[in-house]
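Structures follow.
You will see subunit A twice below: alongside subunit B first, and alongside subunit C after that.
The block that comes next holds the complex of A and B.
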């Protein structure tokens, strides 16, 4: 179920930024086709290329500002001091020059209208980030005039494409993974699951005390050596080679055939069910770590690549002045 | 042998002590008689370290003794010291069981052979005087106690606590830290203690710290000569007699009202109601001349009030017509009213012009006025506007007020004059105002804040009755049809019933016979129907609306089940009367008819179905009583916790929401954060009364929090936390550009020792662009909605 209906990242404000970006792209394409500078060696010096370049550079700046806006929660205007008495509120409202007299719905509308002055909503920023970023593929390509070689200019272009491709992957994870997390975790939190696993480990240890040493060894190994996170690749794989918990479950099944003492079958069954429960939890935790890792990993590339792009862009701009 | 004093003060509580101290200060011969072996027995019996409050805050203290909010020990120590310094004549262990004689020559027999005589008597024995004992053999054993001084005194014992009031439950909770505790309750449920204590008790029971026995009462207490346990508590349980061996029994059974004793002294009471207080003059003098009664016995349970009265009583006895301590405050209240020269005039005017309050005593009226404020709005001034949040109650002292109601079914204007009251609907529903109130010429109003009015309604049943009578017709006019003539109205409300339903209770079931029209005064309900074997919620109906009319007009059984989703009060109109009035009034028929059509369209089950019981889930988690709740669409939430960061950023570094905690259903998550309830649980018991609701609905904690933590315990949604103060600096843009991630927190050494204060979501009140959590969500997963808005989303 989609709670916020039409206000997803993609559909934000009825595709506002899609429309803006689309318009930019359309205008650029029409200009490019009609001017047809195709094989001019000095395309870079034409007004069309200059305009496209400046626009793209400005867009890149705006895209980078998203990172700033995300970290600075919001530029908040001074809070009105109206948290005193009811009587005070009354007086203030009687003075009514402002929107406090408006009804909630109207106030919301006005909040939105005025909101941009105080940094807008982060959702709006992100929606713009996605569409404007995508539009760069066309704008910057047209800016290059499809003239590539081994130089700083092409490097800048390539870096930009890398950042955008990386961003598309990020968008894909943002749109698809949240629901997976909920499905995997339900109402549990990672810490909660870890605590549960710990409790099950302890329970398994106690249950195994009356059982043969081989069983104890398996249980102990499952407790000590089952890995949940690990290094990046391990996190992303979401599994463990020769997982000791799986091994313990298998081992107990095999051992249970050989054990015939009186009350041990029941003990074995109890232990077995505990380990099965643990196995399920371990799987969920690994899943969670895997999804979270893939949701975050791209960002660790996105930001450094962007900074590299900015540096390259700066060099590119400085460099072109030498051509003039 | 007899001694003679000018004033004999009976009872060494705050009132008596204050009276005696004043007498000592004035050099009047006096004696203070206290039955217990120490002064201030009630405070003495508080738990060790208990914080004693100095309410009401605005009332000045007038006494020769000092009194500030503080711990029980501090207060007792200070009083002991000051009594000694003043040379007060205190006699402890002196129980008074009779007073005879008259003014100028009262005779008070003490132990055999000794009698005191006094010219005047000040009675300040409070209500706690005669503790109820178990009333069974063994009740006076040393190991059967009726008080608990220091719960930490006992450890590793088995202790039986008897009593389901706050005292019993609090004792059991405190003792359970170090002992095995069995809590014995005569009743079937623990309904006599405060909600917060109940919750703590239930947690303790679930976690196995306290055992309980319900519907159980004592048979006897035996001594056991040998073994580990010195006593055995024998009790009637539903399963028969049970013998529990234990170390001690602590019985907290409240006290016998001292009314009998007073009647023996010749004091008369206005009626046989157990809660009634003796008739007193404004100078606290009873019908027995020379016998003064102050404090809890006179209906003033607060320490400061009692101390003031003790002081004033001595002043009156010496012939000094001192003004009551609240006189100054009351004079200020009446300052804006023309033709009122003294407080007496003002009170008389209130008594004359507000028939609603006629059952109150003058002293009660003064207290009522102390809590209220007197407004003199200009003609045409808006007192409250439609859709404001304003839960005050207004009474019209003089002039006129017109209330403009604008509903779906058209507008109406009601005019009210002196003696009328308004605002009770918002008070009871806890919702936005349904109309705009505008002052007329020369209007004088009394505005009573929500909390004081609710307190009054609980305490004075006469006021509640009168209020219900008048508001019943208003509700009908407001909800059904404003143009209904008076005669029809009178007929319609005949036999109307007031009913209350708890959270989750079914009001009627699908298929039940139609028995009346239900109008919701407070709370909200869901309408649901069984569709393909599953209950599907069709509608959410909140206070200010009615339901049940479909079955009435169609003469069919109810077509849906209605369930309360928060504590709900309804008024039920007689089915026959409703049908008859509908028959005769075309305008009402039209209005109800159009509502009916709306209902039918709502009542069609959604073909795709309400998604898997989502509404039910939300209602089960208390969203029904919310006015604005934060929901997170987990299918879009990337778990970045930017909402928390933004919240912390605009609230001095402390996030008021916990994104990860809270229930989740399908992809809808209800994070732990304030819902701004219609009837905020946090407001219930705030000693300094600083939890407010702004006109726009935000529930916030104003300056002046004393850090008692009551709101924290009362909030069922864990939305309140205690936080220390520290200076906080937001990141500047440059810091953000260069990758600094953390804000700077400057810990002030001096602040570290200050008590923590309660903090909660204030919906970013006053921030023009709205709640920071929602604005900081990059994917638009976070949204704030009211239950109505939410319902329209889902359908």
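The block that comes next holds the complex of A and C.
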């Protein structure tokens, strides 16, 4: 998602879903303040709470449908170019040619037709997902009447808040991290950088052959033990404790003061230069991995927590009506 | 000088050897990864100068490790070895084989990389660089969480509610499964049901019926059924409309006035024969209180604004003004300043005052202790008229028997002897004479009691029975204990009340000084219908 896409997400159709969500929240707050329940005790059993609960549940279902809408996104013509199959690519190229050959007005009509067919554009769905999801904080909180206990009802509420908080983090990453990635990677790709690192490793190995064993050991260790990626925490940390590449650079700097063979200073300088280049690339790769992991991790929690929320919501409703 | 044919062996894609020969010559042949070595083995596992081929004094060629480096000769680590055809020398990853000596050469060596180092390229690393490569699965995690929730929070509580055996078993667990569905703590007596939800929720997806409530609350149900008015008006009202549980400290009863006002706001329109006025809010349109008190023989209910009828007849002459004089009262124990609570003592319930008695209340400071002066000084018993007369008879009989002089007071005027019948008659006459001094209006007993002739010669005086009212609002809920932050006289104007017929109950305006109605008012106590009225008590 680039900046214009994120801007579309927030401002979609002149803040259409912001207005809808805001209206929902305003109505709920006014109702909560003006409708006095029996004993002025607001809890899940009052009629207003029931209305708020049903509204919140429906919104949650709509939010869950965004996941379904995303999966049918590839069927919408504007998304066809994402397909990877060669046959499909050819078909899609033809379809795209046809598509772009259409008159602009016709294309708009087709957009609207497809939009209706698939329930609106994906941008619209995402915008609604964000704003309606945020409105749940108020709607569901008022539904609870702020009565909490150790039960499935509170668990449902807590899961919902976790999903929303997680979603906010996801929104933050989608709005901010693409710029960080561009700044870090430029025109390069992760695989491209890894290839460059490979070449620098080999170059360093060759340069080190004429140098003493200590230097070779450092270069070999830097090649073998410099870790890029790793487990979840290692990916998220974006660093390596006692990085062998850093250690090799430091070691060579120290050794260069003691080695005085005729042509070794030049060899050492060359090797040092190669390792410095590698160090820069390693940092960029680690940054890339860290940013991507941060961007992806929230979704690894958002989706499972959403499914758990759906189960909890179902149980909550069954429990309420089972013991009516 | 050593002349050597060096054969470098590499392998093509089919694994077949590819040979490349070159000639070397020198006093010695250095073997190592250093560029200066004649036999250059470019691998970091080979030393800079690993070994050297030299000629011995007897002309034979031998290989020797440099700087302590060992070389493997036919698989065994050696420091040096004589070179002969067929000898296999391992230097680092390289295998050097002494080949048969060709013409014009001192030695022929073939060199082949035997243990190629397969460095893993960064692009082929096994370390994952994306979350997807970690094997994390959103789907698996989501379904696991959802399954756990459905099992723990749906299936197990459902089993507990449908299977008695399972229900009993789950009661022994540290976490009671059905509690996981409990939206809030049960109230009061219902808390004994604990996690046994089916006590009240007997049918799944069905609301609790009134019959279930009536299984325990038999008396309430009976009264509601038998009371014709309530049976007709509240036939469609369920217990749970007014009693909702799981609300924790808020309690079981809805304290809201809405449901009461729904009928009582237009009670005359709903029930023409009613004696009640319409009422919507205590603060605005609640009618004046009804005062209930004994009117002689009967108990009457009089509206407080009907002041002409608001006269009590307790049968006791009590001047509150005298008793509450701030200067005090002269009592046998000295000057005593009385407070209301000296006589009116709250019962432990806090709702009513304990009944007052002559001995504990009126005689507490030796006040109101009456004495016979004649024939002897003795405490007058506080009992019935007959008890007083009999006590006087007893005292007079004893006094006459005490001495001849006393008996002389009873001597007949005729001078005849003292017949027994005459003596008894004399005792009775004396007793009646003294009793008459007590049973007088405004004196002795008459100071407090109303006395009238009984028409009975045996006991000719009659003390009017007392009707001390304990509760002027018997159907309302009122606890004096909850009002002890104010003085009694703030509500009851008894300090200026002389006759006991005055009813000093506070009017509704007095209550409204502190109590608001259905809506909260700053500085006042919100008071709904059930603050004073009880629905089920009204049905009694």
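The rule we apply is simple: the second predicted complex is superposed on the first by the 268 of 324 C-alpha atoms of A that agree within 3 Å, B and C clash if a C-alpha of one lies under 4 Å from a C-alpha of the other, contacts with A are read in each partner's own complex, and residues count from 1 in each chain.
Going forward, a contact is a pair of C-beta atoms (placed from the backbone, for glycine too) under 8 Å apart; a residue touches a chain by one contact, two chains touch by 3 or more.
Fair warning: this is a prediction, and the values are worked out from it, not measured in the lab.
Engineer: Of the two partner chains, subunit B (first) and subunit C (second), which one does A:181 touch, if any: first, second, both, or neither?
Structural biologist: It touches subunit B, and subunit C stays clear.
Engineer: Return first, second, both or neither, reflecting whether A:292 touches subunit B, subunit C, both chains, or no partner chain.
Structural biologist: both
Engineer: Which of the two partners, first being subunit B and second being subunit C, lies in contact with A:304: first, second, both, or neither?
Structural biologist: second
Engineer: Looking at A:123, would you say it contacts subunit B, subunit C, both, or neither? Reply first, second, both or neither.
Structural biologist: In the superposition, A:123 touches subunit B alone.
Engineer: Touching A:255 in the superposition: subunit B (first), subunit C (second), both, neither?
Structural biologist: neither
Engineer: Report for A:35: first if it touches subunit B alone, second if subunit C alone, otherwise both or neither.
Structural biologist: In the superposition, A:35 touches no partner, neither subunit B nor subunit C.
Engineer: Is A:276 contacted by the first partner subunit B, the second partner subunit C, both or neither?
Structural biologist: It touches nothing on subunit B or subunit C.
Engineer: In the overlaid three-chain picture, which partner chain does A:161 touch, first (subunit B) or second (subunit C), both, or neither?
Structural biologist: Neither partner.
Engineer: Counting contacts the way the document defines them, which residues of subunit A are shared by the two interfaces, the one with subunit B and the one with subunit C?
Structural biologist: The answer is residues 292 of subunit A.
Engineer: Can you name the residues of subunit B that touch subunit A in the complex?
Structural biologist: Per the touch definition, subunit B meets subunit A at residues 373, 381-382, 385, 387, 390, 392, 447, 449, 611, 614, 631, 633-639, 642, 645-646, 649-650, 660-661, 663-664, 666-669, 692, 694-697, 700, 702-703, 730-733, 736-737, 740-741, 762, 765-770, 772, 774-781, 783, 793-794.
Engineer: Quick one: in the complex, what on subunit A touches subunit C?
Structural biologist: Per the stated touch rule, the residues are 37-41, 43-45, 147, 149-153, 155, 190-191, 194-195, 197-198, 201-202, 205-206, 208-210, 212-213, 216, 219-220, 223-224, 227-232, 235, 285, 289, 292-293, 296-297, 299-300, 303-308, 310-312, 314-315, 318-324.
Engineer: If we count contacts the way the header does, which residues on subunit A are in touch with subunit B in the complex?
Structural biologist: So the residues of subunit A touching subunit B come out as 1-5, 7-9, 12, 67-68, 70-74, 76-77, 79-84, 86-87, 89, 93-94, 99-101, 103-104, 107-108, 111-112, 114-115, 117-123, 125-126, 174, 177-179, 181-182, 186-187, 189, 292, 295.
Engineer: Using the touch rule from the top, collect the residues of subunit C that touch subunit A in their complex.
Structural biologist: 33-35, 42-44, 47-48, 119, 121-123, 125, 127-134, 136, 138-139, 141-150, 153-154, 157-158, 161, 179-185, 197, 201, 204-208, 244, 246-248, 250, 254-256, 258, 520
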